[in-house]
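Below are two complexes that have subunit A in common, paired first with subunit B and then with subunit C.
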Partner chain A sequence: MLPHNFAHLASAEPRLRAVFSGLDRWVESHRTWPWLVPGIVARDLPTLDAFDLADALGLAVSHGLLRVAYTVLTPSGVLADQSFESPSAIPSLIPDRREYYFETGSLPIVPIYTGIKGGVPDEMAERELGAS
Partner chain B sequence: MSPDARDALKAKVTEYGVLIQAEHQSSQARIRALQNRMFNEIPVEQWQTAATALDAILGKNGVIHVAETNFHIGSAGIVNTGEISGSVTGHSQLINVNENAQALLAALIQFKNAVQDDVSLTDDQRADGLSIASDLEAEAKKPKDAWNLSKIRNGIAALKTLGAGAQTILSLYQTVHPFIAAYFNLPL
Partner chain C sequence: MEDYKQLLDLIEQQCTAEQVKALLRTASGNKNVKVSAASKEELVRKNLREALDSHSLDLEKVYDLLREGEENGPQHILYFRCPHKDVAQQLTLGHVRSTLLGTSAPIPPRLEVKRQDYVIADVRSWNDRKPLDWAVKIYGHEVREEPTGEVIRESPSRILKVFVEEEYRYILMARWNAPDLLELRVPRDSSVVRVDNWYKILRQQLRMVIPFDRFSPWSLRGVSKVLFDEQERNKRIYRLGDAQLEDPDHNFVTFESFVPDSDLFGEGAAKSAAQDLLLHNSSYKHQRVIWLEQKDEKFAGEISCMIGLRAENEVIFSRHQTSRGIDYVTAQLRAFSKR
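Entry: the complex of A and B
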């Protein structure tokens, strides 16, 4: 699940106070979502500056509230099931949920943010969940 | 990140955001190509900020729309139930990726891996098997109207011939042939 206590990070970066408040509101209204996609948040909160949102999410990562991973947007508009630690770590072929492999090289990269424990549909998260 | 570096990064991401949006009919491939170019032009430690800001710009402007899928938590972590409640909209174009193509490419990869690992094959058999599979793979990645059906038929025949002298390849051929036939609409 996503954390919903971003507001306290505003003490570390007061200029981002409005962004953290927005993130808290967004998470509150998406309680069942395991991940946060910047493009969706920006669409839902259009007054937020894209770079301020990136800075706020980066700060949440550095404070251990969130983890960032990268995946690709499949041709059907759905995020691929697997996500990876870096854009450069995305393999050229990954399987869909029916085990059919598809090429990733021409698909847009999408960053996804998840809570530190649980909530990311990838092997990286499962390894961590298994270890915890 | 220093203020100067942040300003430079902001300018770079804005530049790519404008580039992508200016194309009005940006395909997924074009968006990815521009993303790759952007990543190549900035230090790795700035990728997170850049990827996030660019995604926010594109999401806000409807260039990329991520379908909202439902997830539930299982014992092994998250399982995607695949319930799609959205669609790709905005200026993104859908790329028609045929599921048969994915199946064929996966089968050819498995074929090549098996041939590569089989110590019972001679070097020539291995090289020929890999070469034919690569040729078929290259054809499968082309648009339908660019397929060289003669080359594809010759590749199938060559695999069959090769299989006559190597049981492993014959067995693999029998597995991969239905995928090739289905994708290229050829008789089995």
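Entry: the complex of A and C
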């Protein structure tokens, strides 16, 4: 699940106060979303400046609140249910939400943000399975 | 002193360091039991081996650890119901063991695979909580030629594509879930042909002991409808994700949330659209259910599963689960099927 305590980051960067409170409201109204998708947030909060939003998300990452990951748009136009640490880690073939495997090469890669706890990208989680 | 090499190899491949440590902790205080190690390899090769060699740890618990690690990966489960009490009552662990292995006494699992073959590896009781339940595990081994992507242009008229032989190890399972449910479990795979073939292999290997003609597929489409109707009052148990409905004219209407596993039918337009379709005699094809974490059931995190995607009696788990987690889902499906 996504964190919903961005407001405290405003003390680190007061000029982004409105963005952090917008992010808190957005997460609150998307409680079951496992990921924060910047493009969707920007559409839902059109009054926010896109560069400020990018700065705010970057700050949340540097404070350990969010982690950047990547996924792919499936042929039906929704996000695949696997996430990866980097674009290069995305396999050439992954399943869509209806278990049909598709070639990822020609489909858009979508950056996403996950909460740190419980939001480990799948590919990282798999690696952790084998970790000491 | 026994050679546990194969068992330890599999433990290292299939189990996490945390799982191994948790097992060792259960025996801490006993002779030669150490939990800390510099690496996972040391934890398994040294700590676990020493605990086994000095009989400080029950070997059966180590087999259980391997079972937990290797049997609960992404998988498909086909459910069959046996409405005939006489048949169901005959399916005891002793009967299954003696039919498949020639003895009704417990024997240690077979760990080695047979090249290019599928063989019975383990016939055992499921757990202490359900003494009438049992499981049969089959290890499969396949060698396939896989393309490397390398292309060698030897001459303008001779182009060679390079393939290498890859070895694969698969686990197929049948689980008897008393009093009347049979589960056939096979791995998730990119090839539906392979998935269907694994179901066939399971049926072939078990036909001596399970009269499949006395079983019928347990249709879960009605359960999906109940889950939809009752989602409001069960918000602490599950939420619903992607779904597909079929209207009376055989048109399919598919609902997909933009991000996976979000609450698609909790409120808003998608819920009322689905309600309207169901009101006009549409029926369920498939439904994703996200079961919420239940601390008292001893599984961590949410469990996402797809019901009825390829068959009305199939559930697909696309992520690694625990044995308790999968059993919890089956128990919930059973409970909701009775409403």
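By our rule, the second predicted complex is superposed on the first by the 115 of 132 C-alpha atoms of A that agree within 3 Å, B and C clash if a C-alpha of one lies under 4 Å from a C-alpha of the other, contacts with A are read in each partner's own complex, and residues count from 1 in each chain.
Note that in this section contacts are C-beta pairs under 8 Å (C-beta built on N, C-alpha and C of every residue); 3 or more make two chains touch, one makes a residue touch a chain.
The structure displayed is predicted, hence computed values, not measured ones.
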item	value
Which superposed partner A:111 touches (first subunit B, second subunit C, both, neither)	first
Subunit A residues touched - subunit C or subunit B, whichever exceeds	B
Subunit B versus subunit C as contact partner of A:34, first or second or both or neither	both
Subunit B versus subunit C as contact partner of A:78, first or second or both or neither	both
Subunit B versus subunit C as contact partner of A:93, first or second or both or neither	both
Common interface residues of subunit A - those touching subunit B in one complex and subunit C in the other	33-34, 37, 40, 76, 78-79, 81, 93, 95, 97-99, 101, 118, 129
For the subunit B and subunit A complex, residues of the former touching the latter	6, 10, 13, 17, 28-29, 31-33, 35, 39, 44, 47-60, 62, 64-69, 71, 73, 76-80, 82, 84, 86-88, 92, 94-97, 99, 102-103, 105-106, 109, 141
Subunit B partner contacts - residues on subunit A that touch it in the complex	33-34, 37-43, 46, 48, 50-51, 53-55, 57-58, 61, 68, 70, 72-73, 75-79, 81, 86-88, 93, 95-103, 105-111, 118-121, 125-126, 129
Touching residues (chain side subunit C, partner subunit A) in the complex	16-17, 37-41, 43, 188, 190, 239, 242, 254, 256-263, 266, 286, 288, 290, 301, 304, 306, 309-310, 316, 318-320
Subunit A residues within the subunit C interface of the complex	30-35, 37, 40, 76, 78-81, 93, 95, 97-99, 101, 118, 122, 128-132
